[in-house]
Structures are given as C-alpha cells and as structure tokens.
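These are the structures, in structure tokens.
Heads up, the next two complexes both have chain A, just with different partners, chain B and then chain C.
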Partner chain A sequence: MQEKVSPGAWICLIFSFISGFSTLFLQEAKLLEQDVWLSYLCGIAMSFGVLAVLYLAQRNYPGLSMTEVFDRLLGKQIAKICLCLYLVYILEIQGAAFQALTLFYRTVVLPNTSSGQIILLIALTTAYASSLGLGAIVRTVQVLLCFFLFFMLVIVVFIYKNVTINPFLPLFQHRAPEIAFGGLLSLYFPFGKSIVFCFLFSRVTNRKKLLPSTLIALSLSGLYLFAATYLSFGSLGMNLVQSVTFPFFSAIQLVRFGEYLERIEIMIIGIWTVFTLFEIIVLQFVFMQVFEHIFALKHVRALALPVGLLFFAMSHRSFVHQADLSFYNFRIGPFSTLLPTVVIPLLLLLISLLKRGNRSGEGGPLLASSDDARRPRS
Partner chain B sequence: MVNNAVCAIAIGYGIGACIALQRRGSGREGAAVLLLCVVVAAYCAPVIGKSMPTVESAYKRIYGPISSYMLEKLGIR
Partner chain C sequence: MLLLCLLLPLAASCSPDVTEISDLTLIMAVGIDYDEKTNRYTLSTYNVMPTSQSTERSAKLTGWVVSASGSSLLETARNLRGLVGNRMIWQHNKFALIGEEAARHSFYGIMDFLMRNRQVRLSSYLIVSEGKASDKLNVRSASGDLLSNDLLGKVRNEKEWGKSIMLSIQEVANWQPDPYRGFVTGKVGIASLPADAKDELSLGGGAVFDKGKFKQWIKGDDVLVVQLLSHKNRWRNMEFVVSVGEEADRATLFFKEVGQSIHTGFRNGRPCVDIALSFTATMGEIDRSLPLDNPAEIGKLEQSASRELERRIDKSLAYFQHDVRTDVLGFSELFAQRHPKHWAAAKANWEDIYPTMPVNVHADVKIDRLGMIQYSKGQSDGE
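And then the complex of A and B:
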C-alpha cells in the first residue's frame, strides 16, 4: 500500500529539499553579483520546464509510476540503462551534498572530527529515516517547516537591519554568456535536483494540482534563495561575499540580539542541518525506489542500511580535498547534469508524442511495426 | 579506522541479511543486499578502496575536456 502525498505536503517537501543546501555556497552569486536574479529565474524556469516535460510524457499512462513509464516508452532494456544513469546522478549529488555538509561542520563547529565519522553519522541517520517511508518523511517535514520558517524570518528581519549598501545596483553589468552559464549553474545546483521528484509523481493524490504545486514550491525556494543572497550582499558587501566560503552564514554571524545573545548562528545551524538532511533522506528514498524497479525487487527494509552505507562509501571516497568540491561544482557539475536533467526527459517527451501520434494513425510506418509487436505482450 | 569498521559491518550484514531473506523466500532481495554490501566493502577496503572509481572521478574524466572547451568559448575566468 503506497502512501500518498497531498499537494500541500508536496510543496513543503520540494521546498525543504531545495532550500536546505541552496544558501550554503552561493556560487552563482559570487560569479554574477547583482545580476544573479537572472540566473535564479533561468534555473527555476528550466527545472519547472523539465518537470512539466516529464509530467506530459507520463500523461498517457495515468496509473503507472515514472519507472514503469520509462519501461513503456523506452523498452525494458534501454529503460534499465537510463534508470541506472539516474542512480549515478543521485550518487553524484549525494556525494557533493555529504561532503558540503561535512566541510561546513568541520569549518564551523567540529574542526577536530574526521570527515569519515561525520559522513557515517549522517549516512546512518538518513538511512534509518528513509526506511520509515514517504508518509513519515513528509509529516516530519511539515512539522519542522514551521520552526525553520519562523527562525529564518527572524534572521532575515535582523540581517535587514545590518544592510548598509544597495545590493541591487548597478544592474546588467555582466555579459550574456556569463548569465547563461549562471543559469546552467542554477540548474545544476540547487533547482535541477528537483528532477528526482519525477519518480514520486504517482504518489501525489490530486494529479491536476501537481504542476501548479511544483511551480509554487520552486518559486518559494527561489524567493528564499533570492532573499538570502541579496541580504548577504547588502550586509557583507560584494568583496566579502566573493571571498568567504559561506556568505549567508557570515551574514548571520553579524546579527546580535540585545546585549547577551551573540552566537545566534548556532541555533540556525541546528535547524538548517535538519533541512539539509531532508535532501539526503529523499535522495536515499528515491534511490531505493528506482533500484527496486531496476532489479524487480519487492520492497524490503533490509535494503535501507546497504544503500546508506553505499552513500557513505561513495561520498567518503569523493571530493577528498575542499578545492575538489568547488572545482566540481563550478566546472564539471553544470555539464554532467545535462544528460539526466535535460536530455533524457526531452527524449521521453519526444517518444511519448510520437507514440501518441502513431496510435491515432498519423505516425510513420517505422513505429507502427514495433508498437504492433509490443501490443500482444502488454 | 571508520572505513575498516564499515567494511566489516557491510560484509557481516550482507551475508546475514542474504541468508535471512533467502530463508523467507526473498532470494532476489537477498542477492541484491549482498551485491550492495560487496560494493560497499570494495569501496571501504583498505588498499583497493582508494583506487576504486567514483562518480566524481569518472565524470571529471568524461566532462573535463567538454567543460574546459565550453568555458573557454564563453570566456569565463
């Protein structure tokens, strides 16, 4: 019995998934400065476009999950290869996520703890959480989102009091290729990660509200990222934003409450950590779903621990040096993300449209024979 | 230290879970758990773990030249 998610819970889940890590490095902001809002808009538009494309490709098969739609559109063998590509994609972004979180903790809170211990702790915690099922994950997100939004609102108001320069001007100081690359960076991280939610489309109760809810969630997370970026610009200044590793946290560190409460960022770090863990929990959950489909397995809880340990092993052996992570996020990630995030969804839509045209008798003879051959089996 | 511990846990859990699942009649699931645990153990093993390919190293090799070419064409840094 698969647990279903309401559209409101869907919005909360996508918002938490994207917003957890989005304000960590502010990489596009370091590249584009005041013009970064253009790259955020591009990233949101492209991510929503890709999810809409996948929704349209799935429309002809209303009762099926996305993995089964892959089978129907591509044939079982090619679908297995494509789904393995998505498993590799999940391993790619989870490796970066684990190492980013570990880097943050070792820089800010726990400098003497080895990265292996932190990664193992995160992996075991998230493996247990993802084994509880989608219903439990979604309900936890809905409960914790109130605390997160409350603390973030308070912090935003207090950072606003520290803003000394106008962060919006001067506009359009960057060339079109730089803004285009910024859009690609935004697609790689954070907005394009939402593609993994295509594997959970079948879990949403009201299918008509799926796309509007997704757009609302992406826009809200874009708004949060926009606020964090421009507040960092305003309170730290452009030069400092470009030189520090975690600009938003440096902006939070400047906040003082009254006479006594100085290290407010420690509380914010606690809440923020829980939200970054949600991204890893959802990634593990989707990984298990896709893995179970590829190997035609029944769902067993015994898979949760090996998947968690696989995430640990892969992350621990990747991005060994800090410079590796920034190099990968800037140079390799934007290009490696194109295949699973853009190419395969467009391919699926094309095949879905061709098959629909073929079924209504307007298509060419090329697909007709393969469809006839497939019809008796299905 | 952490790697060796995880390697041992993975092997032990893999064998144990595989046997338990086979007794319950879920042979495929047992094999899948064992496969995942063997992969984990390979990555965490003392000597061969460091030279195992990761997604990062593979993608750097595949997309590195494409990335350098595109960034040069776009004129970014």
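And then the complex of A and C:
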C-alpha cells in the first residue's frame, strides 16, 4: 500500500524541493537585477501552467499514476521513450545539483576534501533516504521545515537591518527579451524542476486541492526567493551581487548579533544543506519510480543503492570545472530541459484532448474515462 | 551494520580540513603595502594565539607581528608560513590596513585578494594608512591592550564624534567598481602622546577613493558631513559636538541627527539636490550665563545652531564638489535610482555636472535638553 500525501504536506514537500537550491547562485538576479521579480513571476506562472496541463491530462484517468497515463496516451513504446527523456532530465539536474552542492562546500567550508568524497557521501545519504519511501521523506520535511523557517526568519530580520535602500527601484529597466530570457532561466531553475512532481500526483489524498496546493507551494517558494534576492541586493549592493559566487550566503555572512557574535552562517549552512538534500532525495525517488515503470521492475527499494551510485558516477564526471556548471546553467540547461518541462506536457494535453474529442463523438468522455478508471492497474 | 553507522561520526576527524585549535594562530589585523618601484607587496599580520583559558587570563594575551614580501599578495601570504609555527587563519581578522601607496597603485588586486579568499570576512573594516601599513601594526597601544582590541574600541568611539569613518570590505567592494561615485573610508595614522612621547594609533579623517583607487585625504570635519549625509544606519546612533557662536559667547552642544531627506530633481534639465536635516541637541557647555529658562533665548540658540550646521555642511559639500571633485556621497546613485531616464542622458557628463550641480542644505535644530544644570532666572538677571 502506497502512502498518501495530504495537500498540506504536498505544499511543504514542493516548497522544500524548490527552495533548497534556489538561493544558491541567483543567476537570473545577476542578469535582471531589480527586475528579477518579473522573471520569478514568469517562472512560477509557466511552471504552474505546465503542472496544470499535466493534471488536466491525468484527470481523465483517476486512479492511474502519471507513468500509466503516459502509457495510455502515447502508447507503451513511445511512452517509454518519453519517460526515458525524463530519466535523462533528472540525471541532468541531479548532476548539476550534486556538483553545485559540492562546489559550495569545497569553496566555503571544506577546501581540502575531494569532490568525489563529498559526492559519494551525498549519494549514499540520498540513496538511503529515498529507499525509505515518500511517506518518510514527507514526514521528515514537515519536521525540519519548522527549524528551517525559524532560522531563516531570524536571519532575514537581521539581514534586513543592513538594507538601507529599496534595491528593487527603479522598476522596468530591462527590455522584454531580457525579461523573457530571465523567465526562461527561472523556468529551468528553480521553478520548472517541480515538473517531476507530476509523477507523484496520484499520491495526493485530496485531488481537488492538488492544483491550489501546488500553486500555493510555488508561490511560497517564489516569495522566499524574492525575499532572499531583495536582501542580497539590499545588504550587499547591486555591484557586489554581480561579483560574488553565492550572493545570499555572502549576505548571511554579514549578519552579526552585537559586536562579537558572528560567523553564525555555519549553522545556517547545516540546515540549508538538509534542504538541498531534499531536492536530491525527491529526484532520486521519482527517478526510481519512473525507472521501475519503464523496466517493469518489482522491488523498487532494491534500486536505491544502484541508482545512488549511478548518480555518483554521473555527477563525478560531469561539470568538472566551475565554469562548466555556470555555462550549463546559463546556456544549455534552459533550452535542453524544455523538452521534458514544456514540450512533452503540451503533447500529452493535446493527445488527451484529441482522445476526449473522439470519445465524445463516440458517446461521451465521462463514460470512457470511467471505464478506463475501472480497468485494473498494470 | 548499525554499529558501523554509529562509528561513522568519528570519521569526521579523518577529514583533511580538520584543524586542532592548539595548532592555530589567529590573524587579528593585516597590513598590506606595495612598492610601485619594485612591484612587490609586503604583507604584515598582527597575530594572537587562541586560548582555552579563562577570560581573565586571556586578557593577558600578547600579539606579535610578522611580515613577508612577494610579487603577488597570495604568494606573500604564503611566504608568511615560513615565519609562523602554527596554521594562520583569517576568520577572526577585523581590520585590513592598506598602505597609502598600495591604495593608490594596486587597490584592485588587493580587493580581489580580500574578496576571493574564503577566510576573509566581508564585514572586516578597510582602513587606509598614512604611510606604510606595516608600521601601524607595530605600534603598541598605550592601554596595553591588543592592538586589534584597541582599534575596535576606536571604531566604536566613531559614533561619539563622527570625525572618523569605517567602511567594511563589503561596502568598499560594492562601490569600488562604480564609475560615477566615490567613497570615503577610514584613515589611520600615528599620533604622539605628549605625556611619555609614546606613539599611538589614531583614527580620524578619511581616505577618498575615486574610480577604484585612493585619491586623497580629507579632514575630520568633512568626514562628519559624509556621516550626516549617509544612510540611516550610520547616523542613527551618532552623536557629535559643534560649537555655536563667537569666542567668549560660545555654546557647545551635543547633536543627534533625527531626520534626513535628500530630494533629487532636475531643474531646467539640470540635476539639483535639496537636503533637509533635522537634529536634536543637548546643551553641553556655555561660555557665559544665558537665561535658558526663556524660550525665546532657546529659539535664538536653535537658529544659530541650525545656521552653523548649514554653514559647515555647505562648506564640505563645496569642497567635495570643487576641490575633491568626487561624488563621495553617492548622489549619482540617487539620480540613477529615482530618475532613470534623466540619468541615462546625464551620466555621460556626470564629471562635469557634479562640480556645478546646485546642492541646497537646510538644517533644523531643536534643543530638547539642557543638561544637569540650568541657570536660574535670578542668576541670569544678577549678571
């Protein structure tokens, strides 16, 4: 029996998934400066739109998981190819996430520790966590989210003390193509990666609240990212944000309580790391679910370690130089990920509408959907 | 398996990044000098050993200075390793003293070194040294305290007179690449104490930077104006003293800035700035008896104080505009933020516009306290 997720837990899970890494580089903020909030809005709107499209495509098949909906709509062979594209997509962003976390640790905290060692530790941790199942992951998120929010709230208040001007003025200083590219960047990272949650739609208890919960989660993630960007611009200054590798972390480094109590960022790094791991864990979990479906495997838990080691091997050989990661995040990722994040969902919706049209011609879509729903799950 | 997992936390000590506290030397202040002729850097560090002893005993810590030179700052920093028996760490460093010549000729490289190094904190203070920075680190404080503690105390005192100013590395790093504005950071020199002819580090005045390098010194009175016209975090808790009136008829007051409004605009296509400042004041010292229980007398004094502050601010602003010719107050940032279209047209000629731009200052002083004594009417009348 698969554990179900309540809408509240769903919000926590998506928020944690998006918000861990979202504040690490702030690359779209470096591009669009004070107009970055427009790109965030675009990213949220597009991501929600894509998830809504997938929800609509799945709505005709209640009780089926998204991978099964792929089979129904595309046929088993094409569905397998499409799902393989999602595996590649997850491998791509997983590799970037592993390397980003490793880069951060090797730059800020552990300069002498080898990247392989750090990646291996992350891979083992996430392999173990993903083997515990979605229920355990969600419960852990809910417990740790309280600590994360508390620490972040304290930090935000103290960083805000360093903000002397409104850094988001003057408004609308960038041209439409720049904002559009910023929106594309936001869609790629961080908001668009929430597309993987479509494979968990069937695990949400209250289907009516699925879309509103998703929108709330995306909006809260956007709000957190907006706050982090505002505070980074305000406390570091616009020029310095352009220079530093990890703007929000540098802003946190400036916080001190009184005259002597500083260097508290190490505590923040601890709690932040846990949240970055949630993204990697959820990605691995989804990867295992999709992998299980494609290859019709039975014991998905047994995949945890091999998949973890696959991620380790992939990440260890990818983005070897820091510049590779920046180049990928800025020049390749936003375009290469459009296929799984936009094209395939739109294709699914289109086929879904066509099938619905055909069925309505034959005697009504609702009847057809109900028939589908009654079929035993493969 | 479980036992093995329980043992895993102990593996943390196997990390190559582990350092024992007894193996550390803490750098508390660093001095950077540069010789333009030889193209070599000298890096001096003021160090202390960490202690696990009580606070009382740790107060007896002594600092020592080591210096090395090299062709790049990083190489110079590594050359220090041959002079210190422990592992030197920068995380506790609070002061980066930059020699005058280094600030003038190699400031970009210095800032790059400071910002790129993960151990250097952006909240450290950046101060420019009159002459060589290494000389300053060798001065023993008259109090006998660690030099870094002594400097920190002097930075703390900044809010009690306003004639010295400390910028953090973060502030400098943010303003340094700006082609339109400059900034003022701290100046450290050596003053001779008359009592025993000992040298003492003195903070006062400021160092003006323009287009990414040191330009010139300014005096304490001008630094005070920079403080008054900076953002609120600088002046909110600052108290300064100004004397009002002529000799033998002079009143000296404590002032606190309580409000600031800097209005920027364009008149006839030309930028202009209107500044309105409000202060509260407390009577500190009077050279002759005044009927302070008479509101009219207080009003007259408030008027005099307001005009005196306006005169001082006008004088400093004129100096910045006509002599220094550097936008140390960041008016360009305000124009860029508030009037982006006008600014886009004006910024190419900012160097010509800034010195001739009208800046109007209005100060409003309210004397709200008279101190612990108040002359009675009888005494005033008697005189």
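Note that in this section the second predicted complex is superposed on the first by the 358 of 378 C-alpha atoms of A that agree within 3 Å, B and C clash if a C-alpha of one lies under 4 Å from a C-alpha of the other, contacts with A are read in each partner's own complex, and residues count from 1 in each chain.
Going forward, a contact is a pair of C-beta atoms (placed from the backbone, for glycine too) under 8 Å apart; a residue touches a chain by one contact, two chains touch by 3 or more.
Fair warning: this is a prediction, and the values are worked out from it, not measured in the lab.
Residue contacts after overlaying the shared chain place A:G116 against chain B, while chain C stays out of touching range.
In the superposition on chain A, A:P170 makes contact with chain C only, while chain B stays out of contact range.
Greater residue coverage of chain A by touch, when chain B is weighed against chain C, goes to B. Contacts of A:K208 after superposition: neither chain B nor chain C is touched. Contact with chain B, but none with chain C, is seen for A:L91 once the two complexes are overlaid on the shared chain. Contact with neither chain B nor chain C is seen for A:H321 once the two complexes are overlaid on the shared chain.
When the two complexes are overlaid on their common chain A, residue A:A180 makes contact with chain B while staying clear of chain C.
Interface residues of chain B, counted against chain A in their complex, comprise 1-3, 6, 9-10, 13-14, 17, 20-21, 26, 28-29, 32-33, 36-37, 39-40, 43-44, 49-50, 52, 54-57, 59-60, 62-64, 66-68, 70-71, 74-76. On the chain C side of its complex with chain A, the touching residues are 15-17, 91, 115, 118, 121-123, 152, 156, 168, 170-171, 173-178, 231-233, 336-338, 340.
Interface of chain A with chain B (complex): residues 31, 88, 91-92, 95, 114, 116-117, 120, 175, 177-178, 180-181, 291, 295-298, 300, 302-303, 305-307, 309-310, 312-314, 316-319, 324, 328, 331-332, 334-336.
Interface residues of chain A facing chain C in the complex, by the touch rule stated above, are 107-113, 161-162, 164-165, 169-170, 173, 235-240, 243-244, 250, 253-254, 256, 259, 262-263.
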